[in-house]
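You will see chain A twice below: alongside chain B first, and alongside chain C after that.
Here is the complex of A and B:
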């Protein structure tokens, strides 16, 4: 716990220093990010990282590889729904242990941009929860690929190195050149981190952001559902 | 005997990784990408500003490339230390102690991850670009410094890795602590250190000697004054700092191993 929090804070401080240096060099503001907004962006990002669980543990894929997944499929439940319920439950705990601490840390030690309208707080929680669902959906797809690839560690590693930049963790998506911004917002990735942060900071239209997230949550869960149906057909149980 | 065993151990590890070619290729590409993403961050920032901490884009790229190459080499040899907590927790560290070989080299040879070469390759590519695009007043001494910097940096990072992982002898879940220092110092050293706040700089640049991996050697190569006020010759001291760091790491490691108590079985 403490070790994880230390690492989280160290990386937050590093990111903060670099982006702040850029903001200062640009005379105090880049694309609606001043110093306070940058601080807020960094510490919400560090918190959301653990809340939405951007990098999972690839456990399901290991169970596919070892064959243990058969036990999961036996049970009278919809595997995707059950795992989603588990992940939302984890999120409830992570809200207190992973999301809140870095945000409080940022509020106490740095200039922080609080939402002007108090209604932003519940909207932010809603947006973060949808982000968690999308994050689950993406992780589920990556893990499910083990049914076809058997060893999905390459794809898993690929997601782990790419997600930080694509989701807007390392640098705000608003800093990118226009073509890259458009391409990213057409993909589901900003919905995992940048969208909830934008809701909190009041960047962009809240309703649009939430609809964008809701669309991708539904789409990715649906793809996961159909992929699972296809995958189950491939399963052969040998002996008992 | 030892000198015959290590090449064999390393050779076996390398062959085992090349056995699954597709898997190795994907891993290799992931590593190249990981390094490229850090490059993209620098390019994105410099699409918004002309200078960071008073350094131009190509000058920052030079620091990033030195840091990336040094970290890649260190990761190749010392990255295996990340497995140390598992060895200690499961008791397999006892097995290493029983063998008639030194423990640290055994761990370092236990899993030479060839895919790390992906990271080194892309860093060297950027280094060549940066070296040809920044104004350097070349001399034989500066050529030597350019070659020595990544080597000294790799030794510094490896020493940091050894010291950070020694913590795992006392704290069971010490790996994340260690990562804050090892991976954290890679992120730290890729940028000019004057952009960081004072406490962070003290810890990551001087206690952990991260400033000597890329920042000071780059200043010496560029012939620039240190905005933090240290004299110019500091840029030439990286190999000394590396030797010192390696010495300290050796002492800490011995101290840690001597205090190891098996978990029993």
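Here is the complex of A and C:
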């Protein structure tokens, strides 16, 4: 917990140094990001990382591999719903232990761009919560692939490496060339990090951002639901 | 309680690697038909890979049958899996349904919520299990620190908190020491006779069957080979028993009518005699033997369950060949 928050803060400092150097070199602003917005972007991103849990622990995939998933499957619950509930519960705890510390750190020590309209705070929380649901949905799909692949570590590793760039963690998506921006915003990935940050910073239309997120939350959960059904129908549960 | 008709499940297994894979179809469960009445205790045995676990997965609704008909407690398991799960309990000897890092009691509390058990029911049932299985001393210990015997007692409790009508046990005594096995068997017998919970258990341990299950079902290569009381099956399939005698002094095997001396060991100190249970009793045989020779020690050996199953399987192969 403390280790997680500390790591997020240290990496935040590194990212801040690099991105603000770029912003300064570009005469103090790149694509709506001045120094204060850059700070805010970095510290919210570092907090959201642990809150939405961009990189999971692949536990479900391991249970599929070992066959222990059979225990999860026979319980009187919808496995995806139960795991989502568990993840939302984890989020409640991570709100205090992972999201708040880097943000407070950034607010206290660096120029910080607070929302002009106080209504942005609850909207940001809403957006972050939807981001958590989408993040869960993507992780669930990545882990569920173990039913077909048995060893999903390749896909899991690929997700861990590419998600930072796709979701707007490495650099703001606004820094990308236009074609890449359009392609990314047509995908669910910016909904995991960039969208809640934009809601906080007031970049773009809040309603549009939330609708975009809600659409992908529903879509990803629906895909996960059908994938789970297929997995159970078609695939062998390992180990006797 | 359970109604199974011509149940069949096939799997595709890759027979070659590479881009163009060939598959062959393996039939794990092959036209299995049986019934289990309420309150029965049935042992479901067979060698590894016989199709036991596949059957259990279909009975609990985790696996969808390729064809055939199943009803458990009147419902189709794979269609109404969630409703059914609230009415049955499952214990997998080699898997855990407890939360590894939580104290045992917390796992029970979670299951209470998952199965929506009312608080008074939960308390009564938990108290009963705690007393009968002696859980008190490790109720607050994290599951990962429990011994296998303690954990299995926890697993059984976990499966009983929602008072299931049917308890399915997949190798519940695997890896347990004799005392833990005994304790578990006593408890299972108690819930079967007193509460009327239907038991279906798979095992490789003959004693489990002998102690718990008046009825035995033998499966191999996906087919039911035999179904009936254990004693009958054993008498039918392996009518011969073995009497092992140790003599005080080396000598020839005693000559008793109806008995064949199959082997002698230790230079004539130990003899293996086979006799048919239909023709003579062990007691009568022993009386005759001690009249002829001076016996130091003796033992009557029953055929192992594996022998019974192997004989049943050979019989099945022979029948198929004759057809």
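Please note the rule applied: the second predicted complex is superposed on the first by the 234 of 240 C-alpha atoms of A that agree within 3 Å, B and C clash if a C-alpha of one lies under 4 Å from a C-alpha of the other, contacts with A are read in each partner's own complex, and residues count from 1 in each chain.
Going forward, contacts are C-beta pairs under 8 Å (C-beta built on N, C-alpha and C of every residue); 3 or more make two chains touch, one makes a residue touch a chain.
Given the structure is predicted, the values throughout are model-derived calculations rather than measurements.
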When both partners are placed on the shared chain, which of chain B and chain C touches more of chain A: B
Contacts of A:141 with chain B and chain C, given as first, second, both or neither: neither
Chain B versus chain C as contact partner of A:157, first or second or both or neither: first
First (chain B), second (chain C), both or neither touched by A:35: neither
Chain B versus chain C as contact partner of A:26, first or second or both or neither: first
Chain B versus chain C as contact partner of A:223, first or second or both or neither: neither
Shared contact residues on chain A - chain B and chain C: none
Complex contacts: residues of chain C adjacent to chain A: 11, 48-49, 53, 57, 60-64, 81-83, 85-86, 90, 92, 94-97, 114-115
Chain A to chain B touching residues, read off their complex: 3-4, 6-7, 10-11, 13-14, 17-22, 25-26, 30-31, 151, 153-155, 157-158, 161-162, 164-165, 170-171, 175-177
Footprint of chain A on chain B - complex, ascending: 20, 22-23, 26-27, 29-31, 33-34, 37, 40-41, 44-45, 47-53, 171, 173-177, 179-180, 184, 187-188, 191, 195-197, 200
Contacting residues of chain A [partner chain C, same complex]: 67-68, 70-71, 73-78, 82, 232-233, 236-237, 239-240
